[in-house]
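Quick one: this structure, given as structure tokens, is what I'll be asking you about.
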């Protein structure tokens, strides 16, 4: 299992690096899929097949499709890729990279400071998940419904756009014309 | 309860002014006048009752009133007066009346709101003088700021915004430090006695570590010396005084500065006696610096109101020096100085206001020879100039003489330095007199001498300052009842 | 009898109140009647009181009346109480009597003036203050009068306020005397700290017991009081205000700057003799100050060209004599000189005023001349005054008083040959410049058109004073002549008698020397300004002499000296700091915050990247904190 | 296998996402990077759940998914609006809102 | 879940229903007014039910929620704010947006999120409440998507909020990893048994603080605030300033209370550093700001810095202080935004300070109201803000947290300057009459003015007689403790 974990980790990390360095949005999204697949493998290695599946179906399947949909709709093709290339100058990424490297360093140091305690992994019984989901966490599930509703209503409102913003008084005039 | 009424009359009078002015702009000033006169009458009545001081055995407090306010913090609405408060309240309403009178013609626009602010400022000030709960004290301390700020801001002179900010921010800075000190005292006392209270009398029993006492006292002191003001915290004062309308300057100089002195006498000395003794030398030194520095600054000014403002700095230096001499003579002198400085400097500001009304300038280099056209005003100005340089017969002399005499027993060197203030005060006072009233006539236009209303104001002030000079004992007797 | 004591100051005060409050609505006649009348009544009251006092001596040697309790704080208390003893009586008499004459004179002198009422009001106030000064029972009240006369002096010097120079002269007078006053106030504080009281009788009683003789403490008290006296009495180094004070009307110069106020210092020292006597050093300093002053001022008087400035320097010089007398312990001699000086110097000023008035406000003596016949009354009265000033032997009051001083300058306990010599030199100088003045003004050719001669209101006071200048000395003769000691008998009820040194040569020799020197002075004046004027013209070619003359003329350059040392630095420093350097600090704080605001605002540049980086830096910082905690 | 090695992986993924947010100017890429970060957090949760043998970590992952979905939906709607109004997805062009001090 | 627990949840259910009701109303094509009134009534119903169920409190709905007095207090405050915001929203949106109806759905959803935060005692409810709040806010901020750079504000908020949510989640995961539970009290137990606070926990908490700091706009996570306040419609901005922050602060406070964080030196240091930076930056940033919305944002940064000072003691006095301060702050900020909304013209919000010149002489009532609010923000007596600041200082002094307290004092003096700047603008001589179209909805205007009056009365009432509310707060806070 360890090998599975390490290999998939490397894959996920490498794919993620590719995601954040690609110029073409579609390429990046495809690498993102790879990254998610790698993460799904990690989940498997952690003994969590359920979330591994969900990772693939929902993340790689649904959310990325959303992204691709938008990319397609906005027709972000070669031009935007060239633009991305222009934006990706060393001076734009060196500073942030150093900062994030520092953060990563700090995180790793702090994480390993607590690493002396052995933390064995245990497999979780698949059944327990729905039980707790619809047992103790049922309210959270219901609230998630509201959360999604907020997302939908918000997206519906924001996403709607007319050709021109007109006040309702003016609108009638325009229709008349 | 009568003390509460004093404040309520002012507050409600202020509201009434504002409201009625919407329909009858003229009514506002009459209402304001009635309100302050009513309070003055109440106080005079109290004075007659207790004027000879409280008999031994009944305590030093003439009237007390206490009711719960915010019980969960141990805050009560506790007001009381002793001789000191009584004198200061008398001064408050005396000058308050005059402030209303001298606004009579000067304030033409937005009179209702003006008198509202005026009365609320007075309410805040009288609140400060009667509060015996530290929270309440702080509350009033801050309450008087806002209306005063508006007075300067709206009815002030050209540079009024700047002056108003400066005034507010300086005092607020000190006030917050005081609040910290009050809170510290509250907790220390609460931890000691188990009963958390802001009451003056309870807090008097607090046992403080010397170091803690020093820090807590500094919080109070900073608030008070900013108000006083002590050099180097004086820089708000020239601006505020010179930009404020006449009544504003009158109240600022006559009353607001006194709250600082009052605070030191009422709170700092009893609450932190040992700590106060420890810093006495420094405080006196700063007082002396204030005396001299203020005088030097006053000498250089060309703006008449700024000049008078700096004289206040100088005069209040005497107060600080006197308080920290820890001699009864000096303390009586301080009280006298508080009262007489209020009257004399107030009068000078009134005069400056009248001159400005006529000449439309505050620049003394554009004045000169005004005596020719306004002999009566010149005479009064001479009187108050002399008062400000401490001429005997006038009240200020008594004050400064007693202060210096008292401080002399405490510290010879500083007193000698402080005494040079007498010379410097002559320098700036006579320079002012020379530039404004004497010398060749510069103003071509015909100037009207003081009118009947102005006469009333100036005459009252003059009589007051002379009576204080000749019969200071009347004031001292009242104050003496305070231990 | 003592109940009416209060009337004496109250009358002029009433006059002041009436005139200052209602003066503008009164006619000039009424003003004159009120203004002069109150002082006259006061004078009459004083004389009546004086007679009573002399006839029925009081048990404690003084009339006292307490008007009201003034202050009573802790261990300090003082009252508004008046006290008249022999010393005060002398002063009272001079103040009210000479004052009354001068008031009458002023009624004529000032009649053209617009501010008639103001003049009389101020004069009345002055008289009132001066009376309080000399009648005060305690030093605080004395200080009140002391400052009051200062105020009136200021008001009257600057009476013609529209000329800036006059106002400046007034200011100068006030400033310089204030320096002395402040020293005196400190002296009072010291006295109070030591004795716990400021009542004069109490001090007299307690001082000898409380202080050890010649202790630094008592010396400093005495010196501080002396400083007060030096300021008021224009003694070196605080003398520079008096010549400038001549900017006021002549009656003012006569009353305030000759007869009364400038002698307040004398009064103070005499009054506090109990203190001074305890400190020989202070006494010596007093005498030295007097001696130096009389010499310096005399020298300046010799070369002045303004008639009033000559008299002013002469006044300084004469007051110097009084200090000298007090300093050597010749108390009554000092007071006696005050007494005679009041008459003849007032007279001189009034007469000078009459001259000036007649010559259309001409002050320069070299533009005068030949007035002897044109203004006979003025001439003769002036002559009487001048003779008294020059101390013409036997026939003038000045002789008797000055002679005493000269004698005691050597023979009294505190005296010394040196002091005597200086005093003698002073006598010579006095005689010289008096002669010069007389000759230049009254003899020679008429150089300026002469206007109307003075009216009766002005001449009568002159005549009365002239008579007094001659006869007032007769009440006190030198010991070796007629033994008349009316004056010292009275005064020595209060002041200690002179203690003389042993082994001093005979008094007559001194008198003879003094007479000779005086006559020599007169002759020198005659020689230089009448008989052989070319000598002076020749001297004018010698630059050293001209330099010396200019040096004297400028009052020994005291003014320039003070100007460079004090005034200029003071004005420079104050004007430098007009904007208040402390305010700049606060302005700096404000601009610092505004600058910070600018810096902080840069972070609010609307760019997402900045915001994210800020978040990132924040978390890096917080995590980094954990390494240190 | 220790949990903290999973955490290390999660941390690396997380930081890489953060780096993406920082370096990219295209809003879509930023959104993608945020997804990576959320995903990394999910990994951490699942690992934590696995450490304690509890389902809570995985449950939490579900909620993260839901939240990511709704967030992305609103986010993409905003992206459309941005593109529509500004004709660009460059986030640094979105700087109309900023301090402009004119004293 | 038993009957009583359901009872305790009733207000929240009503709140949740509110958004559904609105959706239904929209489905039935009801107008803005109907929705507004319904929403108003629903909120009243929430308060009513809360009153109704007060006796069954406290109730723990394992493991996610706990409905106790503390939660009820903050929920009540949130609902109160929403009531007022909703009232103000009507006139604002009616004039500007052809379709203001979804707005109410989002507002109520967001409110639900905030309310959940106040009663959550578990990471999951914490997280979901926060997200519910945030996701609705993304849409709300960009609601007027064609105006005022609303979209820009929305994007900035969304990206940063999502970013910080990721930090929150990562932090939660670490704590979970450490403690083995996401339940606050279980974590507390674990922490108590642990010898010393583990680095993992500290790391997790620090990461969580990023999200909390972001939501509360604490330095250095504050940079969004000004932009979003400026870009968002004023009602939404006031919503962010009140509801969102109250909710997040409530959960932070509960978390800290449960875990006794005040005993943890490291965490307290972190918080006090953040507090000090917030006070300093917020006040300095506002000094010369000419846009009143941005200025309020900066002032809110400073104010939450002050609030953290009250948070430091972690004792009941601190909680009381925080509660009072929040109430005072909410009332004040609602007044300020209310004035902005009332003065806003159709095409332009009243945000430039120059528009307020001499307002006092044109519209004395509005100007006085605004001035009182600003004085309250500045902490001047007679206003609730003063008592609030006093309370906070008291808490700080009691804890002897001198450094933060001194910073508080100094920075609030600096802060005074910009409040006074606005006030002096209000009273300036030259007046710029704010152009205002004909009022379309006199009733709602009247209602808005009435709301302002009520708020001002509350502000002054709390300022003069804080005794009328302090015992209430104490009583509420006692329920469940």
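Labels A, B, C, D and E are assigned to the chains in the order they are written; within every chain, residues are numbered from 1.
Please note the rule applied: a contact is a pair of C-beta atoms (placed from the backbone, for glycine too) under 8 Å apart; a residue touches a chain by one contact, two chains touch by 3 or more.
As the structure is a prediction and not an experimental result, all values here were calculated from the model.
Peer 1: Applying the touch definition from the top, give me the chains sitting in contact with each of subunit A and subunit D.
Peer 2: The shared contacts of subunit A and subunit D, listed by label, come to C, E.
Peer 1: Between subunit A and subunit C, which partner chains are common?
Peer 2: Common neighbours, subunit A/subunit C: D, E.
Peer 1: Expressed in steps between touching chains, what is the minimal separation of subunit A and subunit B?
Peer 2: 2
Peer 1: Taking CA centroids for every chain, report which one is farthest away from subunit D.
Peer 2: It is C.
Peer 1: Based on C-beta pairs in contact, work out which chain pair has the most and send it over.
Peer 2: If you count contacting C-beta pairs, the leading pair is A-D.
Peer 1: Which chain has its C-alpha centre farthest away from the C-alpha centre of subunit B?
Peer 2: Chain centre farthest from subunit B's centre: A.
Peer 1: Please tell me the distance, in whole Å, between the geometric centres of subunit A and subunit E computed from their C-alpha atoms.
Peer 2: 29
Peer 1: Hey, how far is the Cα centre of subunit B from the one of subunit E, in Å?
Peer 2: 42
Peer 1: Can you work out the whole-Å distance between the CA centroids of subunit B and subunit D?
Peer 2: The separation of the two C-alpha centroids amounts to 63 Å.
Peer 1: Mind checking the centre-to-centre distance between subunit B and subunit C? Centres are C-alpha means, answer in whole Å.
Peer 2: 38
Peer 1: List, in ascending order, every residue of subunit B touching at least 2 other chains.
Peer 2: none
Peer 1: Give the residues of subunit E that touch two or more other chains, as numbers and ranges in rising order.
Peer 2: If we look for residues of subunit E contacting two or more partner chains, we find 124, 128, 131, 135, 138-139, 142, 145-146, 151, 154-156, 159, 163, 167, 174, 177, 199, 202-203, 226-227, 285, 288.
Peer 1: On subunit C, where are the residues touching two or more other chains?
Peer 2: Residues 597-598, 601, 604, 606, 608-609, 612-613, 616-617, 619, 623, 626 of subunit C each touch two or more of the other chains.
Peer 1: Applying that definition of touch, give me each pair of chains that meets it.
Peer 2: The list of touching pairs comes to A-C, A-D, A-E, B-C, B-E, C-D, C-E, D-E.
Peer 1: Within their complex, state which residues of subunit B touch subunit C.
Peer 2: Interface residues on the subunit B side: 166, 231-232, 234-235, 238, 296-297, 299-302, 327-329, 332, 369, 371-372, 375, 379, 382, 386, 391-393, 397-398, 401-402, 404-405, 408-409, 415-416, 419-420, 422-423, 426-427, 430-431, 434, 437-441, 470-473, 476, 480.
Peer 1: Show me the residue ranges of subunit C that touch subunit A in the complex, using the header's touch definition.
Peer 2: The contact residues of subunit C facing subunit A are 609, 613, 616-617, 619-620, 623-624, 626-627.
Peer 1: Under the definition above, what is the set of subunit E residues touching subunit A in their complex?
Peer 2: 16, 19, 23, 61-65, 98-99, 102, 105-106, 109-110, 112-113, 116, 124-125, 128-129, 131-132, 135-136, 138-140, 142-143, 145-147, 151, 154, 174, 177-178, 198-200, 202-203
Peer 1: Can you tell me which positions in subunit D touch subunit C when the two form their complex?
Peer 2: Residue positions touching the partner: 18, 21-22, 25, 30, 91-92, 94-99, 101.
Peer 1: Under the stated contact criterion, what part of subunit D meets subunit A in this complex?
Peer 2: 1-9, 11-20, 22-26, 28-29, 31-33, 35-36, 39, 42-43, 46-47, 49-59, 61-63, 65-74, 76-81, 83-84, 89-90
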